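Down below are the structures I want you to see.
Look for chain A in each of the two complexes below; its partner is chain B in the first and chain C in the second.
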Partner chain A sequence: MAILPPGVSAESFASAVREFQDAIGREWVFTSDDDLYSYRDHFSYIKDQPNELIPSAAVGPDTTEQVQAIVRTANKYKIPLYAISTGKNFAYGGPSPNVRGSVTVDLKRMNRILVCDDKRHFALVEPGVSYIDLYRHIQANKLNVWVDTPDPGWGSLIGNAMDHGIGYTMGYYRDHFGAHTGMEVVLPNGEVMRTGMGAMPASQSWQEYRHGYGPDPCGLFGQGNFGIVTKMGFRLMPAPEHWRNGLVTVPKRQDLIPLIEAVNYLCDLSMCGEPWYGSPLMPLMGNTEFREAALGFNESAMDAQAASAGLHSWQVELQFYGSERTTLANWEYAQELVARKVPGARFTNGESLKTPLTREQIANTTGPYPTNMRRNITQGVPGLGIWYMTGRTERNPNAWNETHIGLFSLIARSGEGVLKAQKDFADVARRLEMPSLFPNALQTPVNWYQFAFLMGNGFGLGGGDTSPAGKLKATAKLREVLQENAKLGYGDYRAPPILQDDVADQYSFNDFVLRRFTEQLKDAVDPNGIISPGRAGVWPAPFRSMRGGMRS
Partner chain B sequence: MTNRRDLLRGAAALPVVATPFARALAATRESLKLERFVFDVRFAESGAIGEHVGRLGVALSPVADDLMTLWYDDLDLKWRKAPMALAGVTLEDAFFVLETFALDRGMHVVYRGEHGLVEDGRIRHRLAGPAALIELLKPLPAEWESALANALTECPLGAQVTARAELVSPGAALSLRDMPLYSWIIAPRAAVATRVES
Partner chain C sequence: MSGNGTRLVLAALAVGAWAACASAQDAAQGKAKFDHTCAPCHGAGVGDDGRAMLPGTDALRIKYQGALPALLEQRTDLNAEAIRTFVRRGTWSMPPFRPTEVTERDIQDIAAYLRQSSGAARNGR
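Up next, the complex of A and B:
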């Protein structure tokens, strides 16, 4: 199926393709259906529909200079580009562009690890470098650093950071965009810019002081469309000598408030890694009486039934990185702190292991207590096992999804905030008649970002109706959820292209001044609007009429 | 990312094999040489198919719920040098992961089969792939695992006419429960030009 970029004639497109071929080599310009198959979103809600977000062509440059040439040609013919790193952003649109008919700039060939310094603790990489690649490089060269990997590890460091992706080790490193140390960008006019100390030609510290001097534009490139990032630095965690974990449980629902206070304190002093919250009461959801209490948020009834079952209401798994002695001291201090704040709190020692863990230790799922932690990611070891979520598998027998969207809302980082969000999300689901996949009263946040809580919006969509009409109906429902969440003050942090306008609409303070400001900048630096128009709801003037187009 | 057009040009140099099974069915047909068979060790059916395929001389890669070891220690290193043909019987997630990696390296899915229980305890097989391969499976006997194992090693080369079939076999083993297994063949685009979509 031949698709053209919007507003571009077949003749112009053919000329542009020839120029792309001249710039990067004929074999790296892809236009056939077979070639373009891999640039579709495997989980698209609009797969095979006339508005499916698929490209007209893809180009695979190998150098920054080739990216520049592609951008110049795109400007000449006013062709929208959509840059991907490894294209593995599944659950958030995969490699699919915001505008049907864009030319995908596939940066996989730019896969060089330019620097990986285990004394100064940073790496400088190109977009095609995946977490697995960097991990392999670290292992092969016996470097004394870890890579903070997301789930799964096949994605690109740059791509993940660009979409504000996250990891699972110590706080600073988990925020992948926040842990960047400067970047090289091909601007919409084809010029190359370096940020921070990279703006100084003779700098010895590009990866160490990312602010440079004056305004720092880096934030414009995260979930943005102001250029194509061709190099980026990342701070790497020095490999710790020891890892230890432990379990804390607290008896009553309201105990979540002091528990989170204590854990926030520990996290913000950088005394522990990512805390994993949960509820030991999940098994009681099979009990009719408890389930009724939980669905009605009847706290006293839930507390009473938890007590009679001998179960605590909440748990958090803590993990500590350092030496054997420092991890022990931090764990002991964590126990002391929580015990001071929460009467009746219980503590269970986890494991205490010298790092790096062996493969057997990483694969070991037994321990002093049942754990939800996926140990590989706590150890900076990439994996692929998370894909059990997308298929009907042994661990996931009832939730087969041929579509898959991640929606996580920012909530207040406090116990009060969690308890309120639970009720708010349940109300929204009830009002919109969307069966929640989670028992809301037991839902806990994820602390992927050190200083923020995200909580999932897990809905069973469309009553299992996976027909095109059923998927459209489900998508419309999701849009309603986003609107309702926004009214309550919950904004999402990330979305696939079909929902990016809707998420952007949540951020409406002062008549959308943030978006107006960003689009003013966009129009100034990208007058033809060729770089990823529509990404994160930022539409350049030539494409602005397409805003909200995915809703129809 | 592999240079796809170089692969297409190199098609004639790829290895082929004609096994005794193939010769019995089609004396002149050349088949894709499988360099690996990936099977999920948690299910009796995939284990049985793996055993059959192993007896046909194909190297086996047992997997469970995380393909990282297979990818990191084996396929990534080999696929950096050259694409290769492989087949398997796995759950859907493993199939998705391998197809996605394969698409990055000049390979694609040329056959896929979904094998799931139907209500009366029989197994429904939804198959799509080269017509000649699908024909090998008709009619599907009660011992479908060995028939499938043979067919998977008989994928014809070149551009193929794609066929689809929905077959039912009796006597389901219980290990499938409500989780379909997927059989698949991934091949270099140069070796089998016809892709099958999920």
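Up next, the complex of A and C:
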């Protein structure tokens, strides 16, 4: 199934492949179907369809200089490139490019941890370094810093940050792009640029002041296509000495408003780590009367039934990092603050543990209360335990989750915002006849980004129809969801390539001026449009006619 | 003649020792690669959220229902060819691994390690 980059002849492509081979070695240029199979999105909704996003070749450079050579050759032959780090961005397209026939620049071999400083609290790494790699390096060298890891730890620090990924410890570190400390980039013309203090050749503080002087272009490289990042620094959390958690519950639906106000206050004073919201009323969804009240958003009926069942409406698990005394003081203050704002709030002490936790402590699920908090990620211990969610389990022994796509919308970070979004999402699901996976009236946001709430769009797609036609139908439905969400003011933060134009379309203020501005820049710095055309809906002039092509 | 024969025997011994040494080295490298890349899903130990096993190990336990070991390190049927198929093509929720992540040499080394580890498991070590 040999395919070519769009608009490139077989002869030109063969010449380009020879130049790639000369630059990085024959063994690291992949063109066979067998080798390229692993560069496809394992969870693709359009697998084996004529428009599946498959590369024409893949190249595995080992150095920045080799990346430069690849970019120069791509310019010469006008071949689109698509850079991946560890290629694990599953639910968001995995390693697959935006344009079928691109050459994938696989940066996995560039896997050096260049600096990991546990006194100044940063690391400088190459794209092939995974969270697991950095964690093991820290352990092996007994360094006094933590990694803030996403759920599966096989991803790249750089790749995850580039797609605005998140983690689970203190607010500053959870925003992985926000916690970067400067980068080295191969530009579309093949030059190497360093940002921030890295632009000063003799600087001693590249990873300490990322702004440098003058305009900072770093934002263009996150979910962007302005270059290939070959080094990037990250701020690391100093290892705390102690961790403590506690549960807060509040009785009534409207109590969510003052609860979130209080927790926002604590978070924004950096007094707690990621809060985990939930509803203790989930078990009542099996009760017909309560279920009807919840589906109809009948708040007084829900409150009455919650009271008669002796249950509270909302909960938040708080966690604190620091010393034994500071974590206790912060937990006590959290209780005082919430009690002041919410009559009837209840508080349950969780665990109070010296860090690092032992393996047994991390695995322990018998705390003082049933917890939703996943212990390993709150402790900065990367792994793949979460992958059970996609695979064969006792409850799901004969199928796997092959329609695994992540869609999370930004909603207002307030109780009012959550209660409104619950109704809005339920309305969209009803209008589009998509059964929601969650009871909407009990759905709570995730506070991955300290200063923002995201809420998932969880749908049972096509009644579980995983046939090719069923997947296409489900994709069309997801596009409608994104359009409806945009009308209501909910924008998504991340998407796989097949939906990136649809998400980009949500951001349409002033006749898409943001996109027009970005594309003007793109055309100026990448006239051949070779770096990841179409990424996040940014299409360079030579490929602009392909915008929206995945919808057909 | 006898001298030649001695040399041949010595040469054979040397080759055998080299092969054993290379095999041990392959297995050691295979273990390092297995620990790095395979064990986070297919290793021993507990999984997340109170689960008794890691996801890959648990999935194979459910699949084989005791007919084959759930732990890859106890399997005697995984030669390099079988490993290559699973690594390069993926299966169920396990995605394929690219040649930059797991090289052909890595596959051979992992096969050497699984031969060693499954033998040790069989012998109760």
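For the reader, a short list of remarks on this structure follows.
By definition in this document, the second predicted complex is superposed on the first by the 544 of 552 C-alpha atoms of A that agree within 3 Å, B and C clash if a C-alpha of one lies under 4 Å from a C-alpha of the other, contacts with A are read in each partner's own complex, and residues count from 1 in each chain.
The working rule: a residue touches a chain if its C-beta (ideal position, glycine included) is under 8 Å from a C-beta of that chain, and two chains touch if they have at least 3 such contacts.
Bear in mind the structure is a predicted one, so any value in this text is a computation, not a measurement.
Once both complexes are superposed on chain A, the partners chain B and chain C clash. Legend: residue contacts after superposition of the two complexes on their common chain; A:331 is shown touching neither chain B nor chain C. Contacts of A:365 after superposition on the shared chain: chain C is touched, whereas chain B is not. Residue contacts after overlaying the shared chain place A:131 against neither chain B nor chain C. In the superposition on chain A, A:95 makes contact with chain C only, while chain B stays out of contact range. When the shared chain is aligned, no partner comes close enough to touch A:206: not chain B, not chain C.
Only one of the stretches 21-29, 129-137, 165-173 or 183-191 in chain B has C-alpha atoms clashing with chain C after the fit on chain A, and that stretch is 183-191. In the three-chain superposition model, chain A touches both chain B and chain C at residues 28, 30, 34-35, 37-38, 42, 60, 86, 88, 106, 108-109, 128, 132, 153-154, 359, 376, 383-385, 387-388, 390-394, 397, 400. Residue ranges of chain A in contact with chain B, taken from their complex: 26-28, 30, 34-35, 37-38, 42, 60, 86, 88, 106, 108-109, 128, 132, 136, 153-154, 359, 376, 382-385, 387-395, 397, 400.
Chain contact summary for the complex, chain C toward chain A: residues 36, 40-41, 45-51, 54-56, 58-59, 62-63, 88-90, 92-101. The part of chain A that touches chain C in the complex is made up of residues 28, 30, 34-35, 37-40, 42-43, 58, 60, 86-88, 90, 94-95, 106, 108-109, 128, 132, 153-154, 359, 363, 365, 374, 376, 383-388, 390-394, 397, 400-402, 404. Remark: chain B residues 1, 3-6, 42, 65-69, 71-72, 76, 91-97, 100-101, 103-104, 108, 177-180, 189, 195, 197-198 touch chain A in the complex.
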